[in-house]
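Letters A, B, C and D mark the chains in the order given here, with residues in each chain numbered from 1 onward.
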Amino acid sequence: MSVDLRTQVGTLSLTSPILTASGTFGYAREFEGLTDLSRLGGIATKGISPRPRFGNPSPRICETASGMLNSIGLENVGVEGFANEKLPFLAKLGTRIVVNFFGETFDEYVDCAAGLTAAARRHGGGIDALEMNISCPNIKKGGVEFGTDPKVAGDLVRACRAATDLPLWVKLTPNVADLVTLARAVVEAGADCLSIINTITAMGVNARTRRPRLATTFGGLSGPAIKPVALRMVHQVARAGLGVPICGIGGIASGEDVAEFLVAGATCVQVGTMNFVDPDAANRVRDELEAFCMEEGLARAADLVGTLRPC
Amino acid sequence: MRYFEATLAENEVLAPHTFVLHLDGCAALAPMRPGQFIMLRGEWGRDPMLPRAFSVLGVADGRCEVLVKTHGRGTALLEAARPGQRFSLLGPLGTSFPAPSADSRQWLVAGGVGLAPLLFHAERAAAAGFASSVRLFYGGRSAVDLVLLERMARAGIAVDLATDDGSRGMHGRVPSAVERALDADRGATPPTLLVCGPEPMLIATARLARARALPAFLSLEGEMGCGIGVCLGCAVACATRPFRYTCKEGPVMALDELRGPYAPSAPAGDAA
Amino acid sequence: MSVDLRTQVGTLSLTSPILTASGTFGYAREFEGLTDLSRLGGIATKGISPRPRFGNPSPRICETASGMLNSIGLENVGVEGFANEKLPFLAKLGTRIVVNFFGETFDEYVDCAAGLTAAARRHGGGIDALEMNISCPNIKKGGVEFGTDPKVAGDLVRACRAATDLPLWVKLTPNVADLVTLARAVVEAGADCLSIINTITAMGVNARTRRPRLATTFGGLSGPAIKPVALRMVHQVARAGLGVPICGIGGIASGEDVAEFLVAGATCVQVGTMNFVDPDAANRVRDELEAFCMEEGLARAADLVGTLRPC
Amino acid sequence: MRYFEATLAENEVLAPHTFVLHLDGCAALAPMRPGQFIMLRGEWGRDPMLPRAFSVLGVADGRCEVLVKTHGRGTALLEAARPGQRFSLLGPLGTSFPAPSADSRQWLVAGGVGLAPLLFHAERAAAAGFASSVRLFYGGRSAVDLVLLERMARAGIAVDLATDDGSRGMHGRVPSAVERALDADRGATPPTLLVCGPEPMLIATARLARARALPAFLSLEGEMGCGIGVCLGCAVACATRPFRYTCKEGPVMALDELRGPYAPSAPAGDAA
């Protein structure tokens, strides 16, 4: 028996439900030779802003129990740099490319969506979807406020929706009391898929130096530590039945983790921090998901989606 | 660069909390150059989560040696590791020290387990017939902390020792030993410093190199996430660009290129 | 040199800043012989409701990466049971007793505060403070709504404040976007100390059975996994300078962890989940804090409080 | 009940993924009675976090034996453990099986590593001169999964084996073997069943005991947090109270007292 891993996310078809998460896989070239890029269901690239950014001062990362904090500050090559230096390589991989982007202002978001769309058109394709990051806790202006207020988030998504004809995924912040209301606003504004979740705002303290472990004091928590929170949020939004697929993100480290997210209601998932622990993580997870389905007698991984039943 | 599994053949204790892991199954590390590093992780759960960066002390015949000093939780687990345990390795990673040559003079400045890549370098130099081009300065807290001295003797490398408590070699820190040696030096060309050790020692040696206008290469430490230039976590402030990455553009970097603690009073043109 | 661990929390003096957390230390007797109860800075007892409760069906707990989920359902012996069966033992320990309580309705909260206060009076003391849990995610009515709306939380605290003359600690939920606003409302209503944080709402999925890992689907995440989130929230509230002490809670497993919370702005802390991992955890942590202060040349642990400086 | 550290003296492999940990430093477990358990944790990081519950196979002279089958991540780490590794132990915990006596008839029903407390019980019975009062039924998937048979022989215990694939003993599950033996039994008093094994086997044996009106004691498994009655995580539905706690009021519980999967069709008076 072979297992069918093909996955449909709105109009987009993937060869497997497993993508790599933005900011944890660079622009993919870094993993050449370490993992088989062609077997990935998709690649969400490092968040792109209209112009290049250099990011925050060091220290930018620190480890925590089963997780890590980061405040990279969304360092990236900018729309032009991406289009010229990164897109040609990505476009040739034969896997889905989801370009994560953000802005510091309302207009920058819209410019970025438009700029990436134009770049894809110039290049004759290569971008399969945009993933709008309205949830990064690491930029002071913008990000956070955009991402927590349903009204603002809705307006922003609506504007970006109008600026691109690519499928528009919207990545939500977990740092809210009521994710469902936020998700609903974003879906009504035209999101094609919800990416849930980004990192949880957190901090580390060096008790000896009496300084924060990150130069920016606060940063984002990721890794297996947050998986139970991510699963909860995916399930809450899935139960609300908003009519768009969910891409589950947060602490995924094994094929069984993927299955958990699918059962909870995600259509596809992203592997993030575990790429740092094991550069072959996404493909290992893919193989494990295949084995899991085999053991469970499932012909299609998609049959797991939303199958949670009461305890 | 390869990602692979290795098995612990021996965990050799050299001094309290200082040990050498002898890892089998490391044929992929054959191209390793001194100064390069690996990311290493044991088969424990998801805490500690990230792999740890280690310089390599030596590679030969599929076996890799790593000199470790227990620092926190990850290295404590390594100290407790027993033969047969399995590890994930990623490497070779990063940059290496400049190659020795007949007409170069390289002074290797090592503090603590910073010895590993420099001893590797010195052994390679000696094997290539350049033993007289390298001179090793090696310091530790006390005589018991100075390890692998026989190995240095066997390789025929000139060694200057220093200890904080004066129990062996010069009384004082290793940068002071280098400073004295510089004062006494009558060489035609100034030596190049290759430096690896704890942060304060890097800073002191960097200051010395700048004061004497010596070329210097520092092997930097600093928190790492991925080791392959992806997480952007290992940024260090640089002269010609805001940041460079320790894992890709280091760990060995030319002092000229560094800003921050290594060049606090750098000439104005240095700062961006 | 010896280190002075004495700690002042409002009007209450403790022999050390380390308490055990509610729900993780039973009614203390369970730990007799496993840890020296008299050396604890204090004991926060299992949450008490006006009448006994039996709690939720099983499974009630499951492990996660560096943490665990629980949905015990606030099983407890009720005010009378507590007063008759538990208080006499606790009162004799010679350490501070902080009685955690909750209700399912507004009135139950007030009744419970009044009932515990009366019980203490009858007993001639034995309760040093009440800790009001407005943050438990495991009771359907009550808890959650009370804990997330600043207005409701303020009213509830005001009413309980009027019903007791004991020091009133209020335990906040982390499941909000803006903890500072909530904290401010609670302080204005008369809280004497803020306990930060309770568990983070989360879930586990058994991918093979397609069932939640907890019978109640959602539960609370605790343990080292959440420490970075707890530290962030403690620091955010501390920075807001609301004028009351903070009791830091979340994932504390070592003396250095305690120091981190103190540096971030907590005056005292509670050790929770780690009591399950190591029944001597709270006293081990105490010894480690003492050693830490010694190494750092600090004569008083209290000198650490709020010493975080910019990076 | 004590909380203490022990050291692994030997990790003895009995069958694939089935092994016995021989732990030194366990004098505190001398009062251990068969059926009681310990909470065990290795010196790894904070993942896996919680200690794991294990019945004890035997204790003598400060050494404790634990029979383990690899199940998930915690037991995988135990399988990989090497002599010299240190562990935290908490015990003895919980209830034990009813003591054997000259006039009692105890049939011990063991599935897989559920063997441990029952073999412990049988050995103690034999040592006390009650070998003929106990009879052990022991089942596994296949012949290779049946372990410690020599030890049973040495103790002089009557053993009935069963395997799912018929490769050793009766072909079938162990509750069926008990059922057959009951049919053939001519004893004056009905035997008491002491049962330990995987959930489906507990349920099947419970059903059999109810059908034949036999007294039975089940050793329950189920997720545990603390092992000492504090976390309230190990609640099981009971007849006379809504819940009892496996760690304090179990793991060995009288079948009469249980509801839920062990007594789905319990008489009406049972339910609260």
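A few comments on the model shown:
We adopt the following convention: a contact is a pair of C-beta atoms (placed from the backbone, for glycine too) under 8 Å apart; a residue touches a chain by one contact, two chains touch by 3 or more.
No experiment lies behind these values; they were computed from the predicted model shown.
By the document's definition of touch, common neighbours of chain A and chain D comprise B, C.
Inter-chain centre distance (chain A to chain B, centres taken as mean C-alpha positions): 37 Å.
Centre-to-centre, using mean CA coordinates, chain B is 46 Å away from chain C.
Shared contact sites, meaning residues of chain D that touch two or more other chains, fall at 45-49.
Within chain C, the positions touching two or more other chains are listed as 57, 59, 65-67, 223-224, 253.
Contact topology of the protein chains: fully connected, every pair of chains touching.
Taken together, the chain B residues at the contact with chain C in this complex read 45-47. Residue ranges of chain C in contact with chain D, taken from their complex: 23-26, 30-31, 33-34, 54-55, 57-63, 65-68, 70, 72, 75, 223-224, 253, 273, 275-280. Within the complex formed with chain C, the residues of chain A that make contact are 57, 59, 64-67, 69, 148, 175-177, 200-208, 210-212, 214-218, 221, 223-229, 231-232, 235, 251, 253, 256, 259-264, 292, 296, 304, 307-311. Put simply, chain D touches chain C in their complex at residues 1-3, 41, 45-51, 88, 90, 222-223, 225-226, 228-237, 242-243. The part of chain D that touches chain B in the complex is made up of residues 43-49, 73, 77, 80, 82-86.
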